Amino acid sequence: MQQNSYVLTISCPDRVGIVAKVSTFLAENDCMIAEANHHADRHTGQFFMRNEITDIQMDETAFREAFSKIADEFDMKWQLTASSLKKRVLIMVSKQDHCLADLLYRWSSGEIDCEIPCVISNHLDMKGLVEWYGIPYLHIPVTPENKPQVFDEVVNWVDHYQADTIVLARYMQIIPPALCQKYPGQIINIHHSFLPSFIGAKPYHQAYERGVKLIGATCHYVTEDLDAGPIIEQDVARVSHSESAEEMVVLGKDVEKNVLARGLKYHLQDRVLVYGNKTVVFA
Amino acid sequence: MQQNSYVLTISCPDRVGIVAKVSTFLAENDCMIAEANHHADRHTGQFFMRNEITDIQMDETAFREAFSKIADEFDMKWQLTASSLKKRVLIMVSKQDHCLADLLYRWSSGEIDCEIPCVISNHLDMKGLVEWYGIPYLHIPVTPENKPQVFDEVVNWVDHYQADTIVLARYMQIIPPALCQKYPGQIINIHHSFLPSFIGAKPYHQAYERGVKLIGATCHYVTEDLDAGPIIEQDVARVSHSESAEEMVVLGKDVEKNVLARGLKYHLQDRVLVYGNKTVVFA
Amino acid sequence: MQQNSYVLTISCPDRVGIVAKVSTFLAENDCMIAEANHHADRHTGQFFMRNEITDIQMDETAFREAFSKIADEFDMKWQLTASSLKKRVLIMVSKQDHCLADLLYRWSSGEIDCEIPCVISNHLDMKGLVEWYGIPYLHIPVTPENKPQVFDEVVNWVDHYQADTIVLARYMQIIPPALCQKYPGQIINIHHSFLPSFIGAKPYHQAYERGVKLIGATCHYVTEDLDAGPIIEQDVARVSHSESAEEMVVLGKDVEKNVLARGLKYHLQDRVLVYGNKTVVFA
Amino acid sequence: MQQNSYVLTISCPDRVGIVAKVSTFLAENDCMIAEANHHADRHTGQFFMRNEITDIQMDETAFREAFSKIADEFDMKWQLTASSLKKRVLIMVSKQDHCLADLLYRWSSGEIDCEIPCVISNHLDMKGLVEWYGIPYLHIPVTPENKPQVFDEVVNWVDHYQADTIVLARYMQIIPPALCQKYPGQIINIHHSFLPSFIGAKPYHQAYERGVKLIGATCHYVTEDLDAGPIIEQDVARVSHSESAEEMVVLGKDVEKNVLARGLKYHLQDRVLVYGNKTVVFA
């Protein structure tokens, strides 16, 4: 991502002339389009667009003002994000460390491009790892009694650190509805099954019991409906009768961390547009 | 498969000495083992074994008599099948022809090694194709009223043709419980979803509604519980927001036919051992 | 594909304003864009675009005339193809029938949307199958002596049937350089290896000898360099020590036919743009 | 892996009675077989066997003495390894850290079960990471002049640490023939291409130039022939025209680390039997 580069995402009712209007606006303002994606949903008549634009000569405020006229004309929901402005991702974890370790490694190698202002956990297990990367580790234990306070505290930390994204890297606690509503399209979860199969607890054990031949993982936005939010990314791995539920857990870790990493990257690059309970992912 | 070659499958409670006993018996009778597979299920303590044996010098009856002593000693369920004795597969179809066309092609090319004594359909659409392959085509229309008689007729044809396997290659009618019980582990269905997701009708439309990123197919034995029998084989294909439900149907056809072909081959080669509601597949 | 729908493909040097110009032109002429794809190759500075446009009100000749002005301005190579005008695909085969049988089935089911004016083979084996589909079968035997005449005859048939695409569905004869030059980007081959591995004869036996753990297939345009033309599509399947070279041949058939079917569909829908020895595939 | 558990691997000319003899021996000595795999190579007439045996009551020396009689009778090459005796893996790296970081994480989580006595590198970049895991880091710079001494030093460290396996986790230096011969089947390399494609330097750039649609990685034993040793494991990932060579490098990292981790696990569990330039992998 270069200086002066932006991502412009748009969704609006489909009709003739949207691309023409937007691309003419960009050309007239000397914006180079590095990558462009469209999608017209024939079912709903909705149009989606993502433009990666470089070398904007115009001031951002001026761009926004000028573009909002087009947006009004076409009834657009739109977003302009400076690539230089990294998203701020607060990670929450419990005791399983594979997703966290993977995210931190990819982050430190530059593959995942964001700020990680802090990691919150209800356990102390990963303090050493997180602090080795120079990231503050907040230990907020959860008991059946203190759950409301815990999530009040989480909200405070989200505010404090100006986080715009929350990643549940196997956090294992159900997020209260109020939080889901407060951060729509901002809380990303990795579920250790190929949803909608095996919702809820111990999905690998459910998969083992059912005798499936593939296990999977699902990266999705969190909504009030448990494990039922918009899906960003999924993948599977082959298993057979020879794997116990415990061995499926180990095999599944690789799927989980890869699916979460891909899903998070799409989110960070503004490649995911939510509509209804589904996503358009310009991968 | 050569002359004088057999498949011996065994399941019994696990204990020391099973392999020794069986393999010594085979060696003493000069049986060459072309392929051998074992599986000990640590969860249930059950042991499974499949031996592909060639060049049996002994008479089959003598073999059975001699082996039954070992079987009794170890409390084995076992099966000895001559490779020269091809399974007899009755195929049932409705209007969708992709699975049938694929099976018939693989059968005619020798890849699927069985007899196909007849194809039964509730429609006339595939009569030409089936008869081109020289296979009798039985047209048995289904109405809400005549369903019981239809399946009585099917049983008669199964008897008449001495079929030992029934393949539902997208037959689209629910098999009555009595039939499921009459032919346990003998009726193979291809379901057009990655079970247990999207049970029942129109799974691709359900998948589209849910916004999943992979669609799949499942080959399973039919039991009284709809779409819930022991799974033999599964696979998936990647989809995105850009596929409509109708396009998923087209993409899914390739997955369905490949999964059914693999599942049927495993069944025909006695590679599938059912236990409880699960399978051991020595692929 | 609807009436009055077209595919417009463009390649030209990248600069600001191409999309704006093209999409404004389309909007001004009331063309609805059903699907649009762009690619800017940063390495070569080349820009590629594909627009699927519906409901053109304008006459095709008028469109061409008007658009050629834009094309000149941006130094574009471009192509406008009416979706109603099906491509005419001449298929050439030898003795292996899996790719041909698969193509014919997909063609008859409407999945592959083209005309197949005839099938040419140096053997008689597939005459029955081809004629069952109502397609003329031309038997042109090949000997070391008559190769030049054979390909003269092929050219005559291409002319006679006004074929625009030639598919080598396992034809097993090397195409003479003159023919490759005469039909650039028009001859599609399926090679039974994951190119550039195992160029030339008996690739599965080469793969077996080398002990690879995946076998593959490659769909590519034919050029004078044997098995080295622009790659359209590839895929692989997992193998292990337990597969003989002969079993790899059987397993590989599924990969070959799927890769060829996908590659041909991309070609038929004008989704493939060749540049240098590579392709842009707007899949 | 439990106490008193062993892996017994065998390769010998195939004939009737091998399995009977071995399994009878194991049964008579009250050895429970937790997992057994056989493979008879029809091409070469060679037989391969791996038995995971638990609860050996017998003393190891007594077992070896008793079993060697069977081994002699059948002309077996065989190996008995106590599961409690962890392999000692010396890792060599250069500047790319993704494979090393992945191995160390899997090792610390118990997924990869071995000792890692030290890491050797020609650069200092990964000292911090390695020492965080409590593993000695040996910095041995390489220049065109000092290569022979470097590898003498490596041999000394292998001896000093009693390492039995050397993993080249992207070491980027060619191993001298003498070392390859000294440690046959003990040096494991990860090559960043789907071998035998793109041997040598910069395989992703070669893949980009050739326009392939899948990139891959290969885990293999190192022999004197560069990138041509017996292959243990391979995998691929899909790419398209939209990936630059640099983006392929990033995508390829995931394939490389997963392939290396799987290959190393097979090696550590004695699941890999080398014969000629190929492997039997009882995965």
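Note that the chains are named A, B, C and D in the order they appear, and that numbering of residues resets to 1 at the start of each chain.
Here, a contact is a pair of C-beta atoms (placed from the backbone, for glycine too) under 8 Å apart; a residue touches a chain by one contact, two chains touch by 3 or more.
The UniProt protein names, listed by chain, are A, B, C, D = Formyltetrahydrofolate deformylase.
Bear in mind the structure is a predicted one, so any value in this text is a computation, not a measurement.
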If we define chain centres by averaging CA atoms, which chain lands farthest from chain C? Would you check?
D
Distance between chain centroids, defined by C-alpha means - chain A, chain B (Å):
41
Between chain A and chain C, what distance separates the C-alpha centroids? Give it in angstrom.
37
Shared-contact residues (touching 2 or more other chains) in chain D
35, 242
Could you classify the connectivity of these chains, where an edge means two chains touch, as line, ring, star, complete or other?
complete
Complex contact set, residues of chain A against chain D
35, 97-98, 101-102, 105, 109, 111, 132, 242, 250, 253-254, 258
Chain B contacts chain D in the complex at 16-17, 19-21, 23-28, 30-36, 38, 40
Write out the stretch or stretches of chain A touching chain B in their complex.
39, 41-43, 48, 194-198, 210-214, 216, 230-236, 240-242, 244, 277-281, 283
